[in-house]
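Two complexes come next, and they have one chain in common, subunit A, joined by subunit B in the first and subunit C in the second.
Then we have the complex of A and B:
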């Protein structure tokens, strides 16, 4: 183990481990050593406690909403047959294509005073706008709802897997003992599947904690928002660093929880299988109720917001003209980031095949990058710039931005590659070498062709993740390098929602590609 | 052509974190013969194979192919330079290559036309001609198996090592595949090692059997010799059922037939045969594979095990006459 860890072949992975791990380490270091400037009492009382509390409240509410959305839907589509079951089975993953901020813009418009919901209410009742109370999206519960409605598929996917696989035998045993359907759910299905489901919830909460765009747009003072404000508006880098430390702690705690719940299998939803027991057809009325429930979830979390954005774009005749420079920048940054993160992921996957030590290091930093929200990594980059005395402009800014993309998303690229590699017979490596092929020859003739499907998936996922990324891009992009996400956010927070619709729709459209890939893979395991 | 040299391991040892897995193992594999390496799981079979192949570095001892030192003091030829063919339990075929592509994989050093002819020769020899364009996932288990063997033999290796190659196959087709595959291996006239935990497979198909226990090779001989003249109880147990009985509990006539003087003697169930001799009562019986196993009351406290063909009209409580075949009774004193 040590022998292979010290050979010259281990230099590239070690360098890449350092590259991927540095920003988050710098952010942690800055948080731990922060001193001077604003006093600690001030930070604690005015920043740390309020931001942390808000974040925890948002996460708690959104956990409850996610469970309420995902678990019944997963239970129904796993165990029962009802009209539309096949369609819902995969379509319930679609909301993953919507970044939180896009969901927030759409629902802000839908729920606004002038929006269709309130207008319909007034038309029906004859009230005026002051006569009634209406839920306010610009609040902590509002943000929780928005985040839950884009992230609940994480819970849905794990719950589906849990209901289908783990509890299969127990469910059939309970059925044979005459347990009624509701009893089956509360007494057997849920308790058995709960650890797995909580794993999915932890993962979704880690993503929710990383949100910046939705919270900023809705004016909810979460840690992510606090970090950016402390740096840019208050001029308090130390406060930003301390807040980042808390946020890293929360996010890593959720990642750790997810790993513990899912038994070290990490966030690899694709490896869960949907092999199901024979589904029981629901009686007519209940069948329609099930269809209605799943349809409603899909309407709220995907079709209503997307069609509202599309309708707004058409109605206001949003101009596509100034869109092209944004698309160009987005694709350019996306390609640079994807190439970098992909190469890093490839080096991780291949070079760690034979060294447990390197594998541990690579997994560790990749997980750290994955758990660290974009805001935190952006902050890490800003500290590095400050220490090295570089200005945030031109090529340097782009280089740092791509670096942060690599740091944040390498783990997303490792997963599909590793999954492809894990599917191959373990002895393939030895077989190849026993036939006289090794080193570069082995890479070209065996590793590369075998990794191609995983590599395509990895590239696609990386590109879309980078395209959706908001906070780090916002913090680090040089002048004239606005991406679709950055511009959509700028328009939306400027209350020019109509102009934010087209970039937002493009982001959703791009986001659909990996989601469809994922649902196709899950569907394949279901058929098998 | 390879020079048909033996592959010889001398004093090979390997330990992992303080636990000795292979302990001064000696093994000589002769060209043209299939040697089966038999032992229970965890006995060090796979580690020994991995050291022969160059996948594992020995702590001490040497591996030689003829006069060439492959592993030894100050020498280690890596797996890719060793020219030893390997067949794995999971076959390890390249999923992105056809049967032809798989078999041609190790022939890279040859000019293209020769590569093709040589691959075709092996594909034909293993009866895969009609499947040459198929991909591994389209092949049956037996076809995958034969492709793996053709791939390992095509580059003209100095030896071939097969790691539990038949255990993944459907039992109904295993025998047929096994015979055809091992015939092709023998025809290559190189040393062949068949690692297996299945004693009957070794007894049926190997030319030589080496029994490994706790990392050490205890005996290496022709199948019949190993079965009939095991050097100790571990060897005997590795090759089939073995029962133990106190010598004193046996009737005097039987005791006189058995050499040695130990208190305990070991016997194969076939040693006790139905036929004229001692009359004993059946206390229980069960169908054990192709034979019926009878438990007989030798005395109120001592039972012995015998086997007979199934289908005999016997019942528990019946009396039967049995005789002893002393050749299958062992005294390891």
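Then we have the complex of A and C:
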């Protein structure tokens, strides 16, 4: 293992790993070497435990909500036929196009004490705002709901894959033995699929842990908020980096969990087992209930918030005229970041096939980057910039920004690629080699075609993620390179939510095309 | 090995190539004057259309090109620190004296000795060595339910800490710079211990956990969830000047008040201000720009959309600001907001003010 990691051919992947890892390593180094100081002592004594507990509570509730939304929806759309199933099976991925902070703006407006829901309630009942209990969005569970409603599609995708990959024979056997649908789910479907699903949950939670925008807007004191606060209020970026260590540690635990769960998936499967089980039509009443459930999920996680934003935009007669340049910048930066992160993910996935040590390094580095809040990576980048003695403008700023995109999101690209690779029988690789195909030849003729479905998924996910990225873009973009996310955030922090709605909607719109494409791809892979 | 090296070469080429391509949006925010030879680079934490119009006027008048980087103040600070000597920044504009102090204490500003500007800006709204100057004023005050309280009940910040306000106060989170600066002056006036007691009493009088922005606090008063909102004056003014009926109703159902610290102490005033960056190589141009912001046109455009108060007494008030009651400004020097900032956050944390 060590020998293969030290061979000359591993130099390029090691370099790429270093490139991806450098910003987060710099941030970690800043955290470790930061002097103690009064601020750190204050945080250690008074804030560290509350920040950490709040973060863990938010993540735990998020996990439960994501499972509750994704698993039933995936089970129903995978195994049963009911009105609207085809539509739901892809539309349930749409919330992925919503950034967490946009979801927070929309739901805060809908559910706030002055929002339409509570105002209507007061109008109908004649109560005052203190006469009734109403779910409080500005709380840990509220934040968990907001994050879960944008991230559950990741769990949905893995759950669909898990249910579709299940041994056809087991399910058919259970069915033919007369196992009722619910029993089928609890006794056969869920236990087999659970490790894969929990792997998906872990990854979604890493993303949730890195959130800052939504938590800050809702006033929930997570580690992400604490990190920014120790930077802004106390003026100590090093303390921020040190606090980020805790977050990176939590995220590493999730990554480890994901590995452990996925490790339980068992041995290599042969191709005929991936077939989607036959879909059984649901009886009328149950069919309507299934339609209602999927429709409700879509309404809450996508259509209600999007409609509210659209309504606000129309109501204030917002003009999109000066937003088009931002759309262009957003897409251009998205494409650059996607290209970079995708290539890095590809190198990670392929070049580490034969070395466990390299794989561990690559995974660790990518995961640390994925779990680190964009702010922390941005600070790492600024530190590197300082060493190089350059100004943050023009090509240099763009290069740094794209670098941070790569550092932050490579992990999101590695996952689909690795999942595709894992499904290929190991024997295939050996067969290729025994036929004398290796190197570039093997890559072009064997690996690339086989990886295509995963590669497309990876590219689309990366693009959507980078479109939504806020903190690093805010810190590193050069003059005149404002993105939609930057503009939306500027308005929202200025409490001009009405003006923030249009750029927010455009982010969602820009993300919809790749998300729909992704759904369509997933649908196709499934039918194969 | 070959394909891997190719890939890496490809990666760096691609990233480099796309990065080097022309800047798509450069001309959008700041129209380029073709013949402009001089460039003034502005780092600003504001983002208002009226600012852009104002900058365009200056470009035309002075025959320069203005490059504007808009970001949050803290991010601009980190950017400038990282850029070091290479920073293109000439002028910094940011809201809140606490933010200006952050730039100054990071060594990112240089003193500007300008008789014109020094004479125009009141002494306590400029840094004593000329590191920064006020451009517009903002008040931290109270929007309250007039059916529940009289102005007398809320005349000082101390009165908010009294028991009869239990469950009545709505305010945003403590890390917000407006709260930190207010607390900075409270620390200055009352001392650490009394300031912490004050914050602790406010926390126990809160109607709900700190959440949302200032506007959300005013809406909560209108909806009846609390009856006292601690907010900056312009959020209240903007609601009153909104195109939406619902917003105007919110403003109409509340009254704005600018409390004092103790009777006769004067009220907490904050500023939006400008500083000359340490890296500015044309200080005269920077001075010309700041002087321009202090003309009647400059004052009018700076406050038109924000609804701040102009810094210069003679300047016309933006629409809606006339509803803010008269006040006597505290004579404290605004430098204390910055100096007490970290302490303010620490005391807020200890008081349990999220």
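One rule holds for everything that comes next: the second predicted complex is superposed on the first by the 337 of 528 C-alpha atoms of A that agree within 3 Å, B and C clash if a C-alpha of one lies under 4 Å from a C-alpha of the other, contacts with A are read in each partner's own complex, and residues count from 1 in each chain.
To be clear about the criterion, a residue touches a chain if its C-beta (ideal position, glycine included) is under 8 Å from a C-beta of that chain, and two chains touch if they have at least 3 such contacts.
Please read all numbers here as calculations on a predicted model, not as lab measurements.
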{"item": "Touching partner for A:126 - first (subunit B), second (subunit C), both, neither", "value": "neither"}
{"item": "Which of subunit B and subunit C A:219 touches, first, second, both or neither", "value": "second"}
{"item": "Contacts of A:393 with subunit B and subunit C, given as first, second, both or neither", "value": "second"}
{"item": "Touching partner for A:431 - first (subunit B), second (subunit C), both, neither", "value": "first"}
{"item": "Touching partner for A:450 - first (subunit B), second (subunit C), both, neither", "value": "first"}
{"item": "First (subunit B), second (subunit C), both or neither touched by A:178", "value": "neither"}
{"item": "Touching residues (chain side subunit C, partner subunit A) in the complex", "value": "1-8, 10-11, 14-16, 18-20, 23-30, 47, 67-72, 74-75, 78-79, 81-88, 102, 105-106, 172-173, 175, 177, 180, 208-216, 219-220, 222-225, 235, 243-244, 250, 341-342, 344-346, 349-350, 354"}
{"item": "Interfacial residue positions of subunit B with respect to subunit A in the complex", "value": "53, 55, 78-86, 88-96, 105-106, 108-109, 151-152, 155"}
{"item": "Contact footprint of subunit C on subunit A as seen in their complex", "value": "8-9, 12-13, 15-16, 39, 42, 46-47, 108, 112-114, 118-119, 122, 128-130, 136, 138-139, 217-219, 221, 225, 229, 231-235, 237, 315-316, 322, 325-326, 328-329, 332, 335-336, 339-340, 343-344, 346-347, 351, 378-379, 382-383, 385-386, 389-395, 398-399, 402, 439-440, 443-444, 474-475, 478-482, 490-491, 493-495"}
{"item": "Subunit B contact footprint on subunit A (complex, rising order)", "value": "424-428, 430-438, 441, 445-446, 449-450"}
